[in-house]
Amino acid sequence: MTLTILYFAWVRERIGASEEAVDLPQAVATPRALAAWLAERSPGHRAALSDLARIRVAIDQEFADLDASIAGAREVAFFPPVTGG
Amino acid sequence: MTLTILYFAWVRERIGASEEAVDLPQAVATPRALAAWLAERSPGHRAALSDLARIRVAIDQEFADLDASIAGAREVAFFPPVTGG
Amino acid sequence: MIAVAVRQAPFSIDAALAPLEALGGGAIASFVGLVRGDDAVETLTLEHYPGMTEAALRRLAEEAAARWSLLGATIIHRVGPLRRGERIVLVAACAPHRRDALDACAYLIDRLKTDAPFWKRETRGEEASWVEARAADDDAAERWR
Amino acid sequence: MIAVAVRQAPFSIDAALAPLEALGGGAIASFVGLVRGDDAVETLTLEHYPGMTEAALRRLAEEAAARWSLLGATIIHRVGPLRRGERIVLVAACAPHRRDALDACAYLIDRLKTDAPFWKRETRGEEASWVEARAADDDAAERWR
């Protein structure tokens, strides 16, 4: 399964990329598992995604829980709590 | 004592004047008494000022009670409840 | 900064809010009252009590500024004949943060409805009538006391 | 009528409210958020999640329109670098009567703070830092649930 991963704000800065396409092992079924799997990719990924208390997630452009299912998703985004307005 | 009396909205229309200067007998000490005294001036005054439940008052450009004192006032206004905004 | 104005001519909201935007706050809440288009009213004519009106509006703005530590407040009220869709009134409050600005803005328009000497006359075809005061407006003003 | 926009360029409040003023309602409440001038921040840079942002703003406006029977709602949010005093966001609600417009306007800005994917970065001199989310914003959004 190929998934688009998006990063915003300091998550993006630490990883050094705003977007990547990944081929996901079937065992990775939630944003929490996905973050742990992505953290192996580089020190930047690890720095960005190790403290999940500071991370929020959207699945296919909807806010989602870290333990939601990503089965069938096309796009998952990781970012800090929002600060607009 | 010479007093300026002002009328607004339908009070003004019924009386047919927006302003008049009156020399007040000393016995007329409140807006309520003043309205009764003015009502004698013409049928229009009577029509405008007979139902005081529908009338509001300002003394020297401050909202006031019908039974407030008008001693020393320069200007008394009679008008319907306000409807701005 | 307190600014109040009673005028016949139309006003720009951008121009009205510009002095508030210059105060350094992060929040401006504003309310615009319009001549409604939902009934047969063709013209609304606003009469007021010159002198008393300006003083009443200024006092209202000062009360709001003190109660919510505003950086500024603006009230503009038009008088004379107005057509459907035209702006009647603008109230606006500027504060460092949004809660103060939002609450002060609601206060300003609720209190203006009962505490400022304006009167509205509606014209429908040949017929003209003075608008009656609404008990709901008294209730809305009362909740701030 | 629902209108939402995410844009870099400045916007006019008069122009933003004109479509709401054409709806025949008597009340428009609006809120403008500005880059505050009370600290050493020189530039605020807004990042967002294209696609998700517009959908989130539209849903927010639709929820407000349903909850208060609005005639219309408008949200404009800027992105990119902004200087002190510049407008960041405008939310506005139009209703027949003022209470609905005022409440819906407060709802729109409270919910936008927690439900729309924007992030602010502050620049002070040579130093840049991402703005931390505020617990007070969560509380403000929570009171509408």
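For reference, chains read A, B, C and D in written order, and residue numbers begin at 1 within each chain.
In this text, a contact is a pair of C-beta atoms (placed from the backbone, for glycine too) under 8 Å apart; a residue touches a chain by one contact, two chains touch by 3 or more.
None of the values given here were measured: they were computed from a predicted structure.
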Problem set entry | Path length in the contact graph (subunit A to subunit D, fewest steps) | 1
Exercise. Using the average of all C-alpha atoms in each chain as its centre, how far is it in Å between subunit A and subunit C?
Worked result: 48
Exercise. How many angstrom between the C-alpha centroids of subunit D and subunit C?
Worked result: 23
Exercise. At what distance in angstrom does the C-alpha mean of subunit C lie from that of subunit B?
Worked result: 26
Exercise. What are the residues of subunit D that contact at least two other chains?
Worked result: 33, 109
Problem set entry | Interchain contacts (touch definition) - all pairs | A-D, B-C, C-D
Problem set entry | Contact set on subunit A toward subunit D in their complex | 6, 8-10, 58, 61-63, 77, 79-85
Problem set entry | Parts of subunit C lying in touch with subunit B, wherever the complex brings them together | 33, 46-49, 51-52, 55, 77, 88-89, 109, 112-121, 130-133, 137
Problem set entry | Complex interface listing, subunit D residues touching subunit C | 12-14, 17, 21-22, 24-38, 84-85, 87, 96, 98-99, 101-102, 105-106, 109, 140
